[in-house]
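Letters A, B and C mark the chains in the order given here, with residues in each chain numbered from 1 onward.
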Amino acid sequence: MNSSDKAVVVAGIKKSFGEVAALRNVSFEMNRGEVLGLLGPNGAGKTTTVNILSTLITPDSGRALIAGHDVVSDPAGVRRSLMLTGQHVALDDLLTGRENLLMFGRLQGLKKKVAKERAHELLEQFDLVDAGDRAVSTYSGGMKRRIDIACGLVVRPEVVFLDEPTTGLDPRSRQAIWELVTDFKEAGIATLLTTQYLEEADLLSDRIIVIDKGTVIAEGTADQLKERTGGTYCEIVPRQPSALPAMAAALGTMLPATIRATLSESADRISMPAPDGPATLIEALRRISEAGIELLDIALRRPSLDEVFLALTGDNTYGGDEDPTDKFQAVDSYA
Amino acid sequence: MIEHSIVSAAPRPATVPHAARPVVSTVQQWWVLTVRMITPTLRNGELATQIIGSVVFTIGYYLPLKQLMGAVQPLSSYAQYLTPLIVLQAIWFAAISAAFRSATDSVQGINRRFRAMPIASLTPLASRMTASMYRCCVALAVSVACGYVIGFRFHNGIVYAAGFVALALLIGAALAFIGDLIGIATQNPEATAPLMLVPQLTLGLASVGLQPVQNFPDWIQGFVRNQPLSQWVYGLQALAGDSTDKAPEVTWSVLAPGLAWAVGCILVAVALHAMVTRRRRR
Amino acid sequence: MTPAAEPTGHLAALQAPHAAGGRHRSHKQVWENSPQRLALQTWVLTARILRRWSRDPATLVQSLVMPAGFLVALDIVLGSGIEAVTGRSGLYGQVPLVALVGGMTGAIIGAVNIMREREVGLLSRFWVLPVHRAAGLLARLTADLVRIVVITLVVLCVGVALGFRFEQGVPAAIAWVFMPAIFGVALSAAVLTLALYSSNTIVPQATEIVIALLMFFSIGFVPLDQYPGWLQPIVEHQPVSYTIEAMRGLSLEGPIAEPVIWTVVWSAGIAAVCAMPLMIGYRKASKRG
């Protein structure tokens, strides 16, 4: 077991639900202290992957190890090492925050006194002391998410799965969650983050994995993925849209013929590749100012992760394929 | 989102509807919502439980008590005496189902969604009531059929028989309103159903439906005689009549209290309903 | 367990104690299903459910107030008739009957509860915790046990106010208090099984019908000879009747051993039939994440 240093090892996982192949061949690894972003369109297999890794489903073939424990042969070990937060808060809402924390603590083996201290600590850390003795059903969305995560941290996990943790939260709460993820990193905990907010994945992840139709179609850092799909480009916006043809003419050879051909009547800007980065920008600026055209904006842009995502996954983002696991899940999936 | 090339994509034609917004028809909305509530019951066994429930109440009250009570009641047979109560219990059971459904809706938040759509505020309530009345009709039909099996007959002609049906359905409406109100107010499907079963049995026991009022201890006779279930039983017994002439007569003095109770319940329930929904809206 | 230096921010939250008795990086099988842990974990989960119920006014009313009212009504309406026929107070059959009905009706609450927690994802969350695999299910049954005993005691108090007395001594009285729980928990298991395999709306209605049947056709409602001849064997041998007969023997007079045995047989039978489907259904519901 030479991969015992890795926090998560996934090798060749396959899973089918009846005739539908949800996961064809998923493989990736995570180091300790790493944040891995898991992206993919609906029905790609993200939720199935997380479910398999948290021992809720068994794979048809392949291996997966969480903190060295095999999900099939040692699920108990996996459960000891894992913390799982679903998209929807899963707590007993008639109990107070403190009582929930106590319950989770005692369930995981803490003695009563220790559990009480721990509950107190967590309430302080997550700024829930005042609300700690009110029923969870009275909390706001952000508070519920905080207490949900706090309940997962009563005992130290080694791997954390966050499934869309900031969906529906106000900016301040989102910020708090982002800080938390950074703290996980510093503490050496591996974090698997599923999110639909691509800028969040961009911001937080060390590496990103894109899953589509049950396989990993791209893997790498955010920058690497962006390079893959087209690299930096230069965007030039003239003050008068009517000056666009003149501007295109001024750019001359810098503007590839393919893009020149697609200039339409209603366009208000030109986007062209910038292989030399800032040098390209300076040259473009020189040519345009020589032609005397006024500019509203000129900038170097990287493709956003959204564009990377769309480019990689084709047209499947707008609810294309049916999620095969829908049949097996209630409306709110917890994983 | 920034486009890479300068070709601006035309907006996808099909996603944004172009046609003018259709005119809202309250009747259509009411019908759609009603069908939505009724259709699942035909599939998932709710209809069957409704029918079985009516049968259970019939045999449950009749068979054990026939001997004990049969001797002390005035009509031609215990079946004739008892059937009105059975009808009421079956209808009450139907109203419980209504309560459960409205509580489930409330909790699942679909009511909130309806409130934000151009649906008249009364339409969801009206559709729930219609669905409940459908359940009450089933309950009524089955319990009268069971009554026939054990010996009950309509002795007063078809007009009064129709009156029997009408009164029973009015009571059903009242109970369904109350059930719906409880469901909406408590938002607690877990407790709503059992919450209504025991009062049903208790009030049924403490009414004249099982035995005449004289058989009760003196101190409780006032309560027994005047409670709504008893008044409804008197009304139904009067309308159904009897082969002897011991059944209550069909006069206003007999029917009025029962009608008043039913109508009163409806009015109070509707008023409270409006109050609860208004408070939620705030 | 807490570190010497106090880090600030969330880092402090992450200096959590390690789970007692757990080896973190062990590559051996981790003994999750150990018996000692089971008792404690079951108790923690049971306490949660009981705490929930004590906070919910509807549950409290249903469990405590309604059986009281029902008993009073039964006594008023049927009491004199039964006494005329049997020569003894009807309470000795009615108090057990109401305790049982209260206990059984409350099982519906537990069932609807589990369905809701399945949808919200709480079941899955508990499943992914390192607790004994049986703890969750056992906790629900234990909570029902406690609930039924409490209801029995409340109904007993009302019965005593109406004239019920224990005439067979204290040990019999104690056994009497726990009798409804025997069949009650078995029925709870059945209702839970039903809940795990079917839709939301069927469970309460179907269960209420079964409870009504068990109630109307038991010897606690009216004496056995009031029923038509062909019905009497059914009435006599159904589990609620056996429980009531046993309780009558324990409080007033009459056979004890035989009805107790039959009660246990019925309960064990129902529990045995439900056991596998219940466990499988619970597992499936938890894994629905």
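Note that a residue touches a chain if its C-beta (ideal position, glycine included) is under 8 Å from a C-beta of that chain, and two chains touch if they have at least 3 such contacts.
All figures in this text were calculated on a predicted structure; none of them were measured in a lab.
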Greatest Cα-centroid separation from chain C: which chain?
-> A
Using C-alpha atoms only, the most centrally placed chain is C
Distance in whole angstrom between the CA centres of chain A and chain B is 51
Centre-to-centre distance between chain C and chain B (centres being mean Cα positions), rounded to whole Å | 30
Geometric centre distance via CA averages, chain C-chain A, whole Å | 45
Spell out, as numbers or ranges, the residues of chain B touching 2 or more other chains.
-> none
Per-residue overlap in chain C, given as positions that touch at least 2 other chains = 56
Residues of chain C touching chain B in the complex = 56, 58-59, 61-62, 66-67, 69-70, 73-74, 76-78, 81, 85, 101-102, 105-106, 108-109, 112-113, 116, 199-202, 204-206, 208-209, 211-213, 215-217, 221-222, 226-228, 231
What residues of chain A sit close enough to touch chain C in their complex?
-> 1, 4, 51, 54-57, 67-69, 74, 76-77, 79-82, 84, 86, 88, 90-92, 94-95, 99, 103-104, 106-111, 114, 117-118, 121-122, 125-126, 135, 150, 153-156, 158, 179-180, 183-184, 186-187, 189, 328-335
Contact set on chain B toward chain C in their complex = 41, 44-46, 49-50, 52-53, 56-57, 59-61, 63-69, 93, 96-97, 100-101, 104, 186, 188-195, 197-199, 201-203, 205-206, 210-211, 216-217, 220
The residues of chain C that touch chain A in their complex are 1-2, 9-22, 24-27, 29-33, 37, 40-41, 44-45, 47-48, 51-52, 55-56, 118-122, 124-131, 135, 286-289
